[in-house]
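Note that the chains are named A, B and C in the order they appear, and that numbering of residues resets to 1 at the start of each chain.
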Amino acid sequence: MKRIWTLWLPLGAFALFLLFPFYWMVLTSIKPNEELISVTANPFWVSRPTLAHLQYLLFSTSYPRWFWNTMAVASAATALSVSVSFLAAFALARLRFRGAEGVSLGIYLAYLIPPAILFIPLAEVMLKLGWFDHLWALVPVYSTFLVPFSTWLLVGYLKSIPMELEEAAMVDGASRLRILFQIILPLSAPGLISAFIFSFTLSWNEYLYALVFMSAPGNKTVPVGLATELVRGDIYQWGPLMAGALLGSLPVAVLYFFFVEHYVAGMSGALKG
Amino acid sequence: MARLSPVLDRTPVLATLLLLPAAVLVGGLLAFPLTLGVLLGFKDATIGDPGSFIGLENYRYLITDPVLRLTALNTGLYTLVTLVFKLALGLALALLLNQRFAGYRFWRSVLLLPYVVPTVLSAFAWWWIFDPQFSFISWALVKAGLLHHNLDFLGTPWLARGSLMVANVWRGIPFFTVGYLAGLQAIPKELHEAAQIDGASAGQIFWQITWVLLLPLTTILTIFSAIFTFTDFQLVWTITRGGPANATHLFVTLAYQRAIAGGAMGEGAAIAGFTLPFLAVLAWAALDALRRQP
Amino acid sequence: MRKIRRRTVLGWGLGMAAGTALAQAGRSEPVFKPEKDASLRLLRWSGFVKSDEELWNANTKKFTEATSVPVAVEYITWEDVRPKAALAANLGTGPDIIMGWYDDPHIYPQKLVDVSDVAEGLGKQLGGWYDVARTYGYSERMKHWIAVPVGGTVECLTYRTSWVKEAGFDQFPKDPAALLKLAKALKAKEHPVGFALGHAVGDGNNWTHWLLWTFGGKAVEKDNKTIAIAQKPALDALEYAKELYPQMAPGVGSWLDPNNNRAFLAGEVSVTNNGISIYYSAKKDFPRIAEDINHSPFPIGPVGRPTELANFTQAFIFKHCRFPNAAKEYIRFMLSADQAGPWVDAMNGYVTPALKKYQELPVWTKDPKATPFRDGIARMLHNGYAGAPGQQAAAALAEFIVLDMFADATVNGMSAKDAAARAENRLRRIYRG
């Protein structure tokens, strides 16, 4: 009985606050235009749900293409950054060398730079490298903010693996590289999964670089595509926009549901420094 | 591989090799452009014209610019207020979820969604929620007789700031909740049980045991959240573009507006430059706090 | 009507060029000979109405059939065209042709191909350019045309005839004082007016600049250096706005461009400024409202002549384009009568062309309610008036200096003097050196 006050009521309040916008998104996606624009109708319900917005989104816009682009870039950027971060985190967490602190600081600081001001000079760098307007170029670019974050995450994780394992293996004559790949790597699996999930999420969340560095129509990502093509001057197509937003949130949400434990564990590992 | 091993086993060599990919990526695609970007703040470059070096002129002007001052105030306010709410609510939710109850796994997953969903997409939803004509909040309040006409969520400065803060808090609670959940699970149950046996009230248990033990974590979460909130762009830009009349501008949105929309790249870079010292301090504090972790 | 999927036109171009005979282009004979193996990339703003893109794509296809030059058309949201174009200018790579807005070409005129031949040719053929079009297309600095004007998304005051009548006005007001009277009467009848005071790039800028100019105010003098925004005429305009604001519907301070459309169609406001999109939306979805809608040009204030601002679009070619002749021919082709006519028709006159001959298009008279939009370009002043188009005027517009000044005086409750002083401070900064 007491639980109603200490648990269910507050939980319900949180659930309402945190989940209502999603209900709103779903509702808007299936509400026909006349109901969307009516000031008198009850906004919490829909009387004649329609799939028209979804149809429009999937068949009259390039949404499927954007979806594919975002998936591809996010996956590749994640794979690249987690690999690079793993190596770097190992060095920072388990090797003692001068300058480790400095490098750590450098990598953490790197995460804080606002992309909104970085992208003009970055565009010039991309151009000189011949990467401008190539979708795959987003992969290394995204890594610039994924690597610092993943490294931080993995350092926390790797620090918790006992040194005795390494020492024992070295006594047995194993090289450090072998130790890295055959002992540490498997043990880091949970941390790596966390890093994967965070990186994937952050990639899907990116907007500015994708907007600016990609020029050709076939190269858009979901956030960019939705923001730029479902807005016709002074008419926002809320139905398809929300449908697109909903669909666009699915990959990360699904991934997240399967790996919640790792998400939580990863963060806690990271926050332990 | 056998012959390389001894070389690779030497710590400096191995460390360098392992750090090289990260260093190249971050150095080439971030540090280098960043330096260029910072230098840009000392020029009068526009979008069509590389401009020339003008020293501290941009900064000198910006310090006297009332819009920049408003932006600085607003960014500070935005960061601080949302922080307090995110922390309090995030912790509260963590405490709730930390109890064992039927379906807690499901709830834990589902309640962390706001953080996971791409920002621009949820920003669109919030914009629709704050619409001056069609907000369901206004509709409900008017229907309940508490209001006479719709709330102008985004049209008056203070209400606009408040609305954006609500959206930001909504998004940020899970960050604190996840962090605190992990922290709470690390607190040994025996401490609570012993205190209860000693007759401590729930309040005393919380403030004198739980809160104290969570302080290091609180410090870290706070600092990181402050960093991310301070440099927020997508949420504010999508919903208000910094309006009404510059009331909701953050440093990064103002920098973007002046540099890209307005073409004054040097000045925009200088505006962004204002954030860097602050961020550096926060980052150093974060590193320090992390090092102190038990 | 066959639904045209929005894939890149490149695909079509290649397909069609392979098998079809050269289609006749009617009276639009190729004037500029495209280079061998040419291909083009056009960056333009997303059509405000769907039929805009459909016709543009169809016309592009015709071009490819006639010249074997494939054209890839990229549509992006209109606010993003400037940054994208600027980036392309900066980097010397990217789209070949841009359909930009306002001062865009004047920001980097040295990076653009001289299009005097195209512009002058079209002018001769199609009745000449409106003066303001020439201001936008011709560069005083470079002494040649740097862009070919296309047209403007003309705005008119859109109003509910029955409500205006109910408020005691048989004719729509022709001067600001009468408009204020009308607004007060409408407010009393609970059908308030509504004008955007949020960062509505189109609607907000358009009506505030009209207001400023119609009282004789201006941002900068002809010398492009002296800031005039704090002088008496501007202050008069601000005082007027301060009287108009309380008559408006609540929420205008947060209005971006879509808001007034929605409010009007939901019956929340009786008068607003907009392009023709509200009317055609209504015809499609809210026929009863559509019957009640009518349009009027902006009223004329003490200055005695029309002083409207509308989003103006022009096409320009980057020097990094490898096939400038093909690009010129494409622009010429698309703006010629056989293509532009149907294009303007299909989008119901959403863009009023900058060439005078297009006044004769049937779309302006087929529905008499559309006629006020026909002469909008003639009523326009250019952005940055009375100075010249260029980086400074573009920056001032992009930063909403005029709009924010009016918002400061109304939504933020500042005095006219203070609001103008703030704007003056910012303008001085922009127009320095």
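Simple rule for what comes next: a contact is a pair of C-beta atoms (placed from the backbone, for glycine too) under 8 Å apart; a residue touches a chain by one contact, two chains touch by 3 or more.
All values derive from a computational prediction rather than experimental measurement.
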Result of counting contacting C-beta pairs for A-B and A-C, higher pair: A-B
Far-end chain from subunit B, centres as C-alpha averages: C
For subunit A paired with subunit C, centre-to-centre distance based on mean C-alpha positions, whole Å: 38
For subunit A paired with subunit B, centre-to-centre distance based on mean C-alpha positions, whole Å: 15
In subunit B, residues with contacts to at least two other chains: 133-134
Multi-chain contact residues (two or more partners), subunit C: 83, 90, 262, 266, 268
Junction residues of subunit A, two or more chains touched: 37, 39, 120, 124, 227
Residues on subunit B engaged by subunit C in the complex (per definition of touch): 44, 46-49, 61, 65-67, 131-134, 149-150, 152-157, 160, 240-247, 257-258, 260-264
In the complex with subunit A, residue positions of subunit B that touch it: 1, 5, 8-9, 11-12, 14-15, 18-19, 21-23, 25-26, 28-34, 36-37, 40, 89, 92-93, 96, 99, 101, 105, 107-114, 116-122, 124-126, 128-129, 133-134, 136, 139, 170, 173-174, 178-179, 181-183, 185-186, 217, 220-221, 227, 231, 233-234, 238, 251-253, 255-256, 259, 265, 268-269, 272, 275, 279-280, 282-284, 286-287, 289-291, 293
Subunit B partner contacts - residues on subunit C that touch it in the complex: 79, 82-83, 86, 89-90, 107-108, 111, 197-199, 250-256, 259, 262-263, 266, 268, 391, 394-395, 398-400, 404, 407-408, 411-412, 422, 425-426, 429-430, 433
Partner subunit B, residues of subunit A touching it in the complex: 3, 6-7, 10-11, 14-15, 17-19, 21-22, 24-25, 28, 36-37, 39, 42-44, 83-85, 87-88, 90-92, 95-97, 100, 103-110, 112-118, 120-122, 124-125, 140-141, 143-145, 147-148, 151, 175-177, 201, 204-205, 207-208, 222-223, 226-227, 238, 241-242, 244-246, 248-249, 252-253, 256-257, 260, 263-265, 267-268, 271-273
Footprint of subunit C on subunit A - complex, ascending: 33-34, 37-39, 60-62, 120, 123-124, 127, 132-133, 211-212, 215-218, 227-229, 231-236
